[in-house]
Amino acid sequence: MKAHHHTLQIATRGKGLYPFTAEIAKWVASTGARDGLLTVFVQHTSASLTIQENADRDVTLDLADFFERLAPEDDPHYRHTTEGSDDMPAHIRSTLTQTSLSIPVIEGRLALGTWQGVYLFEHRAHAHRRSVVLQLLA
Amino acid sequence: MKAHHHTLQIATRGKGLYPFTAEIAKWVASTGARDGLLTVFVQHTSASLTIQENADRDVTLDLADFFERLAPEDDPHYRHTTEGSDDMPAHIRSTLTQTSLSIPVIEGRLALGTWQGVYLFEHRAHAHRRSVVLQLLA
Amino acid sequence: MKAHHHTLQIATRGKGLYPFTAEIAKWVASTGARDGLLTVFVQHTSASLTIQENADRDVTLDLADFFERLAPEDDPHYRHTTEGSDDMPAHIRSTLTQTSLSIPVIEGRLALGTWQGVYLFEHRAHAHRRSVVLQLLA
């Protein structure tokens, strides 16, 4: 068993969920590994990860809207406002979701359910380039 | 070090937290492994995982109620309504909790604290059969 | 590849986020490992883990305040009140954040982003001693 690593760069264009299951699956296949553990790790605190439905696009739109209401911009309680009104809500939404995901790989395939997709959840309003580390122990 | 796999089928009877620590511990013991890493992965986006108190049943009832209030059914904001009024809240509650858990195994035992139990958190109103993949690298 | 283990004891002095990235990095370095997977696991259900910004202290203060508003003490809905008014909110806040974190280790270093730090999130009002299991597969 050894550790394989790769870093994906994901370009985002403002708030929302960006699917990248295909990029992950492609890299896992390129390692030639059969059985092991995939870790997906985002190196930011204003963007995060989640596994969600990959069928109806409305699900991800409703998710983004829910977090917009739950941790709104311009909440007068925030002290941390110097990086813009979208920054503190971004940290909150990041902590409420995931920085790392663990996905078993079985017989060369991600053990995702039929309707599961992996998403980068961008919480900032402007375009960013996000680094996501993939590690496969296999 | 090698990868062991097993899939549990958990029958749910509506919303709530279903403990399954014993099933996990039994499978880990059956592998004969001493030290390693257990990954618990639920293959759904309307049910999730959490580790919570295993003593007072009221804790899990209060948890379920909290999520009922936080992401209520019939919120007029939801676009995704075709799969029932409990479906979009299920996706939200799933994203706010866990799809995967990582639990160290030390000397053949799960490294859980005294009061920790592993739960499947069912977010749909009707009975389901949920697939949970267990993987042990050991 | 083998499993290394260590348990940190973290003393908390009431609610808030306590950074402990340095303690983790020191232990990882002490193993002499180059490439592998670090699992951080908190053995409690009223304290949790999160990865957040390590620069502006106001971010962690705002985070703690947000959770105070989201799952307040003395909510009349709670059944579980015998362990104090801060206990049921502690369980909710724990479930909304993380019990385990997975962090790749690459060339002997944690693959954290520049601004990422690892925090113990204490949810109880009084001082506690918290056990955090570190495991490195490398």
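Order of writing sets the chain letters: A, B and C. Residues in each chain are counted from 1.
Following the convention adopted for this analysis, a residue touches a chain if its C-beta (ideal position, glycine included) is under 8 Å from a C-beta of that chain, and two chains touch if they have at least 3 such contacts.
Since we're looking at a predicted model, the values are computed, not measured.
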Classification of the chain A:chain B interface as same or different, half of numbers criterion: different
Equivalent-chain rotation between chain C and chain B, CA atoms, steps of 5 degrees: 120
Centre distance in Å when chain A and chain B are each reduced to the mean of their C-alpha atoms: 20
Numbers and ranges of chain A residues touching at least 2 other chains: 1, 37, 70, 96, 98, 101-102, 137
Touching residues on chain C, where the partner in the complex is chain A: 1, 35-37, 50-53, 56, 58-59, 61-63, 65-66, 69-70, 96-98, 101-104, 106, 111-116, 137-138
Residues of chain B defined as touching chain A within the complex: 1-3, 5, 37, 39, 41-45, 70-71, 77-80, 82, 88, 91-92, 94-96, 98-102, 131, 133, 135, 137
